[in-house]
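Labels for the chains are A, B, C and D, by order of writing; each one numbers its residues from 1.
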Amino acid sequence: MNAPHPATLLRQQLYRDMAPHHLTPLWEVLHALVPPQPGTPCVPALWKYEDVRPFLMRAGEAITAEEAVRRVLILENPSLRGQSAVTQSLYAGLQLILPREVAPSHRHTQSALRFIVEGSGAYTAVDGERTTMRPGDFIITPSWTWHDHGSEADGPVVWLDGLDIPMVRFFDAGFAENGAARSQDVSRPEGTSLARYGHNMVPVRHEPPFGATSPIFSYPYDRSREALEQLERHAPVDAWDGVKLRYVNPLTGGWPMPTIATFMQRLPAGFHGKGFRQTDGAVYSVVEGEGEVAIEHGDNSYAFRFGPRDHFVIPSWHTARLTSARGCVLFSFSDRPVHQALGIHREERLS
Amino acid sequence: MNAPHPATLLRQQLYRDMAPHHLTPLWEVLHALVPPQPGTPCVPALWKYEDVRPFLMRAGEAITAEEAVRRVLILENPSLRGQSAVTQSLYAGLQLILPREVAPSHRHTQSALRFIVEGSGAYTAVDGERTTMRPGDFIITPSWTWHDHGSEADGPVVWLDGLDIPMVRFFDAGFAENGAARSQDVSRPEGTSLARYGHNMVPVRHEPPFGATSPIFSYPYDRSREALEQLERHAPVDAWDGVKLRYVNPLTGGWPMPTIATFMQRLPAGFHGKGFRQTDGAVYSVVEGEGEVAIEHGDNSYAFRFGPRDHFVIPSWHTARLTSARGCVLFSFSDRPVHQALGIHREERLS
Amino acid sequence: MNAPHPATLLRQQLYRDMAPHHLTPLWEVLHALVPPQPGTPCVPALWKYEDVRPFLMRAGEAITAEEAVRRVLILENPSLRGQSAVTQSLYAGLQLILPREVAPSHRHTQSALRFIVEGSGAYTAVDGERTTMRPGDFIITPSWTWHDHGSEADGPVVWLDGLDIPMVRFFDAGFAENGAARSQDVSRPEGTSLARYGHNMVPVRHEPPFGATSPIFSYPYDRSREALEQLERHAPVDAWDGVKLRYVNPLTGGWPMPTIATFMQRLPAGFHGKGFRQTDGAVYSVVEGEGEVAIEHGDNSYAFRFGPRDHFVIPSWHTARLTSARGCVLFSFSDRPVHQALGIHREERLS
Amino acid sequence: MNAPHPATLLRQQLYRDMAPHHLTPLWEVLHALVPPQPGTPCVPALWKYEDVRPFLMRAGEAITAEEAVRRVLILENPSLRGQSAVTQSLYAGLQLILPREVAPSHRHTQSALRFIVEGSGAYTAVDGERTTMRPGDFIITPSWTWHDHGSEADGPVVWLDGLDIPMVRFFDAGFAENGAARSQDVSRPEGTSLARYGHNMVPVRHEPPFGATSPIFSYPYDRSREALEQLERHAPVDAWDGVKLRYVNPLTGGWPMPTIATFMQRLPAGFHGKGFRQTDGAVYSVVEGEGEVAIEHGDNSYAFRFGPRDHFVIPSWHTARLTSARGCVLFSFSDRPVHQALGIHREERLS
């Protein structure tokens, strides 16, 4: 073995000398810092509901909602274990509430969505208004807004929680407070927000109640499904997405939350989607029906068969293809609003 | 009588000398040009439907829809006769279509709204999609978009037309074209626009079909009335407006057209509204119920009793008070978007 | 001569019967209301400074600034005499202030610009700050802001006033107040606004002082000319406009006022511009040099030779061609911001 | 020692059983995920130029610019060693270019700023235009824009690089390409961008050349210093910030880059600033003069004396106080635009 090159020695001595000054040479890491294309550490993953549900029920026995504050099993990306993250920027979990339980009121900087997976009759309360949760409903608990929930159902109620926790942690901007009361007072009847903002009309005089977040905090499934069905009848099916709608903030036409985009799509029976990739990683919740997603990234390929209540994640810049023999409905969320605000969103549709 | 003051003579000679050069002294007209408050030439007016309808029916005998192109009786402000204007900036008229008639396709820079007053079963076609018209529906024919209409109804169908004709004329920006065919081809099923944009969701990939105008070109009355009724149950009644909603463009949260704001409001039974005034003059169409509007301006006062299908105008900066013993629903439109874009909108609510 | 057709008689009787009800038939006027292209009543016009100046000086003898409040000769469009309008929506005038005169403080809804034509040493005060006026400076007195002016110059000072008076009158939204004091107190040193907002930097904490109007109320000519000269060296000359810049509100990148666009352009020596037309009518003030504008509209054509301090107007949708043998600098203003806000702006560049 | 509680055992068994399914209990980590206030891992740090400069010069001997591609010593936050990060979301480094060196052309998704620290006569080329670098100049190399640099100076030229590298990595959205040529062709004379966009005027017809990034890619120090000096004379000094301006994108009035805010501030002689904290961590470069920053966070306190060309970092939600006996000028940058876009920015000013 030869002696190291004198230039190498010179550099190594320099690195050693400057290290105590918190200096490090860019040229040794430049390629990794400014890669030719995204090299996310995340991997694709699937959580079958039949696998997860027993653990949820055991959690129901192991801890009360009140003690847990939020009784949630976090869906951790297999390559991000210990980070409470489903992608680098997003958090996902499945939450269980049992009959007669109440989860205490708190508020935090982090924005949260709930997508109802199983059971009816629990409620979420936001800023003095309750909304009943039914499967397929998309509900928001806006940033820095008091929220709690409870159940008057006969059986367990489960939903997907999606939050921007990793993002807010990364930007060092998280604040939180616990409420004084166990649950907040109800000051408005259920349905007020939807009545005010949900019909393509808004009150003449009003302040946006949740700032940049949608004033509608509950988007019921019966309306979303109707929209998808009408669109499937009336418009051509997209070769990549099937029939795909995004939820909007009716006060801006933009995303319902500044940090998270949400979508619902229908793959018609017999759909064989073309491949696509995008920089925003996305989490999917299967609402109805069955299908398959094939995901490729470099030399790795994955194929997940999914059915109702299953969840899966497609990481950034992974090529995905969706297919469905009998048709299905998918809800999904991603960090696209941030990619767009930062001017770094890209997508590619393969032909 | 004394001789004129020498300074006066000097000025008059100056005025005479410079007049051929298209020069005129500001100081003789300054007060009128920059008045302490708006001195609109418009006056309040009421058109009772029982008075107008016979003339509409006679018009139906006197001219065909095809010959008239648009068979409309213009509601002219009594102080703006000959100008085809209901306020200085807006046009209003009542249009009649008879069974089996077709009004030919054209397009123009001017934005138009239709608010259906009587009869069901006629249709408006916009950009390849038809919408059936029913009383209380609010329909848009966007700027520079092909539109036509026809009737498959059994009887007469009548609607209020609201346009920005005087505004576009004032800014010298009107263009128009007649269609080659008698009526445009239908390229999309009825309901497509509402399915795409009407459910607080929008297609992931789309271009706004009508630029700055709402992609929903028909806002059906059953949805608007439901929104009003829910809001009346769920939120406090405003002391000036009752329960008042504005229509929104779901892609922006703003007005449905860049030049015209539209509203629907409900005065609950027993409502005695407080006085208000605003710089935008407004035209009202009574949808259901009865009521009264009292209007004051300087030394003049007006009081109009109104019932279903009546129309009235409240001019700029006139103080108005709305009352209703048995409750009513009112549609209205004004030029508020322009006042806001120009930074000149003002309103005042009397206590 | 034959008897009128029975249908004609029927219609005429209908028109007579409904006229007292303030109803009029659209079909008799539709073509005029919705014309195939703009048919502005305005005509092109030129005001030679050598013709206007003597009248300004005579006005200086005939009335004091204090008595006149604003000693201005209005440039009236020859076809809009008596309307105090240079185009349908804009007002223009030439204002004179003599040594030691003061024009009293007032404020109004109308937005105003001043473009300095002759003389140095007078000042405009806006919201507690004075700015000295020099030829070529573009100054704003924002909507509803106290402003006054006076002169410490040795000789007469003259500027072009441009206002949105006809527009605000048309929309019935004009308010005005006279100040209690003869002239407002000076609360900030001259140059404060430019220091805060003029260097592509703005104070970290500030409220826009004039709402939607630019916080810079004085754009000095030395900076504008430098911008034009640099651009002439560094970028290709536009075949229609020469080298043309628009003034911007540094807080938005948009127009300096919500109602008026302002421009400065340089035609290089030997420039023969191609023809263009646009829906916004424009008023020009010649800053330096000489040139010619040829204007065509239907069968009419006009050719104006212009030199320093001359003013001319190009009405809506008139085709104009600018030429300059020895080079010149032109300031201009139009109502383009309103055309754009209303979605009705069009322009055409002939090849 | 007692045996564990049965409930504890139950939970531990649950955790073990579900771990292979990539499930983890929220309730064990909730407090850390949703903390009462930001608990950044970053610490305050100071890099004295006299310490760093010798290493830069040794780097100049150890590697050529061409071999290094970018010869930069990264300023690593002492608590984020190995992450190439100065705060969690930002990168900072000091770059050296020696006479006659050229650094090759490349482009990347990441946005970069250069703030010139020492030496004159090197240039940055962006999109075909070169700008000469002088101390105090703030220069942008916009996202996905070709850029290179070289030096025609007599001695070393050093600048601060600020990038959003950690942010783009976190969101998995980084792309990069190397140029075919060693350095790009020059297609426009130096000064073109400033001439087009730097004088509160912009070309009438233009497309924003760099999307959401400022079209001015060089903000020269002579203009920024003049703005600060004028403002110090004309406006009150802020008790927390002294005289502080933010750089703006003249096409929007917003930040110069979508991901990074930049500021320049002057502390007058004798300034003793009050304490403040904000969620965006900031990096400072001392332009002129001397001063001190005291930083507190929980039980920790830091005090840094700084002079010309020193650099320091104030992490998120650390309370900082700036003082200067003889006056100084500071440049700084932070990730505030992202905090604002995400709706999570907070700041607090102590009284």
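A few notes on this one:
Quick note on the criterion: a contact is a pair of C-beta atoms (placed from the backbone, for glycine too) under 8 Å apart; a residue touches a chain by one contact, two chains touch by 3 or more.
A quick note: this is a predicted structure, and the numbers were derived from the prediction, not measured.
Taken together, subunit A and subunit D share no touching chain. Relative to subunit B, the most remote chain by averaged C-alpha coordinates is D. If each chain is reduced to the centroid of its CA atoms, subunit A and subunit C end up 52 Å from each other. Our note on geometry: subunit B versus subunit C, Cα centroid distance of 30 Å, whole angstroms. Between the Cα centres of subunit C and subunit D there is a gap of 43 Å.
In subunit D, no residue reaches two or more other chains under the touch definition. Taken as a graph of touching chains, this assembly forms a single closed ring in which every chain touches exactly two others. Residue ranges on subunit B touching subunit C, taken from their complex, read 7, 10-11, 14, 17-18, 21-27, 29-30, 33-40, 42, 45, 47, 51-52, 55, 58-59, 61-63, 67-78, 81, 84, 87-89, 91, 93, 106, 108-111, 143, 164-165, 167-177, 211-213, 258-259, 279-281, 315-317, 335, 338-339, 341-346. Here subunit D touches subunit C in the complex through residues 188-189, 191-192, 194-196, 198-205, 216, 219, 223-224, 226-227, 230-231, 233-235, 238, 241, 244-253, 263-264, going by the rule given at the top.
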